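Structure provided below as structure tokens; questions to follow.
Read from first to last, the chains carry the letters A, B and C; within each, the first residue is number 1.
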Amino acid sequence: MSGATQDTAVRTSGFSRTLIYLVLLLFALFFLLPFFVMLVNSLKPLSEITGGNMMALPQHWTIEPWLSAWSTAQIGVEPTGLKPYFVNSIMMVVPAVAISTVFGALNGYVLTKWRFRGDSILFGLMLFSCFIPFQIVLIPMAMVLGKIGLAGSVQGLVLVHVVYGIGFTTLYYRNYYASFPTELVRAAMIDGAGFFRIFWRIMLPVSGPITVVSVIWQFTNIWNDFLFGASFGGQSQPMTVALNNLVQSSTGVKEYNVHFAGAILAAVPTLFVYIVAGRYFVRGLMAGSVKG
Amino acid sequence: MRIIGKKMSVVLALMASTSMAQAEDVEVLHWWTSGGEAAALGVLKDTLKSQGIGWIDMPVSGGGGEAAMTTLRARVTAGNPPTAVQMLGFDIQDWAAEGALGNLDDVAAKEGWDAVVPPALQAFSKYDGHWIAAPVNVHSTNWVWANKAVLDGLGIAQPTTWDEFVAAMQKVKDSGKTALAHGGQPWQEATVFDGVVLSVGGTEFYKKAFVDLDPEALGGAQMVEAFKRMETLHSFTDANFSGRDWNLASAMVINGDAAFQIMGDWAKGEFLKAGKVPGTDFLCFRVPGTDGDVSFNSDQFAMFKVDSEAAKAAQAQMAADIMSPTFQSAFNVVKGSVPARTDVPNTAFDDCGKKGMADLAAASASGNLVGSMAHGHANRAAVKNAIYDVVTAAFNGEYDAETAAKNLADAVAAAK
Amino acid sequence: MAFSTSGVDIRTRLQDLIPKLVLSPSIAAMMIFVYGFIVFTVYLSFTNSKMLPSYDLIGFENYAKLWALSAWWTAVSNLAIFASLYIVICTAIGLTLAILLDQKIRGEGVLRPIYLYPMALSFIVTGTAWKWFLDPGIGLENTMHLWGWQSFHFGWIKDRNMAIYTIVIAAVWQTSGFVMAMFLAGLRGIDNEILRAAQIDGASNWQLYRRIVIPMLRPAFMSAFVILSHLAVKSYDLVVALTGGGPGRATELPATFMYSYTFTRNSMGIGASSAVIMLMTIAAIMTPYLYAELKEKP
């Protein structure tokens, strides 16, 4: 094969290539199976699920569960479906991702190009903050949010997600900017460019790949968060809380087909982001975060 | 004409509630999110709306209210508790002890709650002699649900003693069906344990063990017998019970794959929704050996402290609406439970509901009404969960009955 | 890089200040919301807090109680099993997939998102799907029976000795694609000239990878290890969604233990002390990494 000519230097024979494809396809199957089960069962009437084979295709195809999960399923006292909560999630995710990414970029820029005494200790502390288990911050966070009057509001939720996201975004940008030639920054300084001008003109234009990584990471984590949403969401509970209400209802009939449809609906935005931006994801990782 | 009038009043109420939304909304934290019960709660919402009070819904389900309690803790810590919170048993008392709850004495006196709410319930709805919560319903846990066709087919009569119950299950097992439909989750095993402990030693032993936490009752011969009965029950379950939701276990009885299920009266809703009729399609009876005893749990709305007079008025109105006989009847018919006040007519209820109401009144009068350990009405959360641990471990075969009783006494002592 | 310490005269005083000003909100937030809260938790672990925080100190009593609880020991030993299997298997699968995908595979653009997508799903989704899939009564086992393979048996999720391994399966499913992406990025960053030179020297593919490529992936290994180990220690959601800690309490992990003692058992003091132990574990894992990370780029 042509292995040696382009980006990989390793040569492989025809037989082993077949084997490689086989292994890759098997893994693809492993990754797809649970999703297949969800999808197939979300398109069946309930009777077919409780009585039948979970792998079988529906005998009667129906999109009823999807419509129900979206707009008529019982989430609380009113049968609103997931629809209104979707908007709540968007209102929370967009500012939280944007703010934490901007801070991450600026922090990374400072920590690599405007270094000062003790900066690596600060960065170390910041990095460690990525690893704090969220359950332990619940009570003190509630106290602080109450004190500053942001409890039970979207702003409060945005604040929480920004605070616990900055560690990650800073890590990504710092590692990315570290490999960017400092000479260019220095030259710009000598030309009289200031802090923000250099950031705007020199750093930002090359930040595409790592911004993709940062946005994907933050978007996924914030969108999928349940603990903070349930605790601090107040009247603007995010999608995950609604989905949990849908699938966890403790007494009463479980409509599994609606649960599956709801689960997929709640995952659509993150799936979309992964699939659309996934190509840049590896590139972004390559450019930054895995180069220790 | 009446319909039009109703519509008009709703519209007026809507206008009223939007114009004074700020002052007179009630924010309600609860975990009733599934179809029937949420709809039943909707009745309360509509009633309030017609009185010009808006309803802000805060549903958080999961783990039988555990997720909602976590949310509540965050809300209280942040200084903005909801107006009313669905709550069980000792949780209410714990929050009252923290000084977080309001006072409903005025509305309680006006509506005469003291006379109509069973004293065993008042123990949870009152703290220090003051009303702090409005009970919505009374569930009871020592029920058996049985598929009548399966029993008839095998010539089994409704068992009245524990031995008959075991013999009946053996017969079912021999026929190749599952005798006992069970869901292997700690709270379900504890629910079964409620009934089993009552069947061994009646309410006297039950109180000694679960309320007084007497180490000799917890670790003694009667408790060993209770754990032995749990082992017996375990031998009648199918291999696949672990982690199963309770309503899937109910479905096994409904579909005739299993004969019995030991579960609280919320299970009735599953049977009714499947179009089954009590007495003809399925039977409801007390866990054999516990006739006359009722282990109850009661969903209540605990009222949190609010500042403004308008909010207090709205809160009191909500409490009054919850306690109104019409709501108590309408809600409990749907939920499977019985009303929290004894003067509600039983006309709207089915046979099981009627039996439940009669049993409650009788047990309350005879002193055989005990709080359910499994549902936090016998002791505080730390002790309850310590008991859960041992019951679940024993049921899943981690140790034998003697060790289990000993561990139970130790675990309770450690958690006390 | 030396320039930043050598002090360039063009900088004005103001410009010297701007970077620190830009950094300060993040630092302040971190000091309050991370380290402040950690101090708060450590403090709570020495108090008799039950339902809400209380400030009565009781010394090491909570820690003594904690280590006397068999459930805590179960949780700790489960974490040891879970974390080691999870990290090893994820790394192995991630590396294998990355190496195979790097062989100029047709359809890489389709396969890669398939491997990656589980990372995009929330625990509720992952838990619901796997709970179904692994349930012998309705899932894989039942399907195999319906397809005629009657002797097929797979009931790990119901078996208290095996249930922890089902958590490993679901967790591996969720993150190994992400690990693959990290390794793939690492592989793509390797200069092919080095590999070609080795090939000319007659190295086989196997030797090529073992001697040259894998050692060059060291940073990717480091990143993967840190991300996986912190996910393992923080694992909470998946357990709750998949087994609820059962059968019995066989799949309890420290994070679920901490949550249940703090929030559902009204024993906040014991919950806090278990949190402190967890934080110490994380610190023990992280410190060497941080040290290496910071030393490399002085």
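One rule holds in what follows: a contact is a pair of C-beta atoms (placed from the backbone, for glycine too) under 8 Å apart; a residue touches a chain by one contact, two chains touch by 3 or more.
Computed from a predicted structure; not experimentally measured.
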Query raised in the report: What chain is the most remote from chain A, judged by the mean position of CA atoms in each chain?
Result: B
Report task. Sort out for me whether A-C or B-C is joined by the greater number of C-beta contact pairs. Result -> A-C
Query raised in the report: Taking each chain's centre as the mean position of its Cα atoms, how many Å separate chain B from chain C?
Result: 38
Report task. Between chain A and chain C, tell me the centre distance in angstrom, where each centre is the average of that chain's C-alpha atoms. Result -> 15
Report summary line: So chain A residues touching two or more other chains come to 138-139, 141, 244
Requested in this report: Find every residue in chain C that makes contact with two or more other chains and list them.
Outcome: 52-53, 263
Requested in this report: Note the residues in chain B that touch 2 or more other chains, in rising order.
Outcome: 63, 70, 73, 77
Query raised in the report: Where on chain A is chain B touching in the complex?
Result: 50, 74-79, 138-139, 141-143, 145-147, 151-152, 230-232, 234-235, 237, 241, 244-246, 248-254
Report task. Provide the residue numbers of chain B that touch chain A in the complex, in ascending order. Result -> 27-28, 30-39, 41-42, 45, 55-65, 67, 70-71, 73-75, 77-80, 245, 247-248, 251, 266, 269-270, 273, 335
Query raised in the report: Which residues of chain C touch chain B in the complex?
Result: 50-53, 65, 68-69, 71, 131, 135-137, 155, 157-158, 160, 240, 243-244, 246-250, 260, 263-267
Report summary line: The answer for chain B against chain C in the complex is residues 63, 66, 69-70, 73, 76-77, 94-95, 98, 184-186, 239-244, 380-382, 385, 389, 392-393, 395-396, 398, 414
**Report entry** Parts of chain A lying in touch with chain C, wherever the complex brings them together
**Finding:** 1-4, 6-12, 17, 20-21, 23-24, 27-28, 30-35, 37-38, 41, 53-55, 103, 106-107, 110-111, 113-116, 120-141, 144, 162-164, 166-167, 170, 178, 182, 186, 189-190, 192, 194-196, 220, 223-224, 226, 240, 243-244, 247, 256, 259-260, 263-264, 266-267, 270-271, 273-275, 278-279, 281-283, 285-287, 289-292
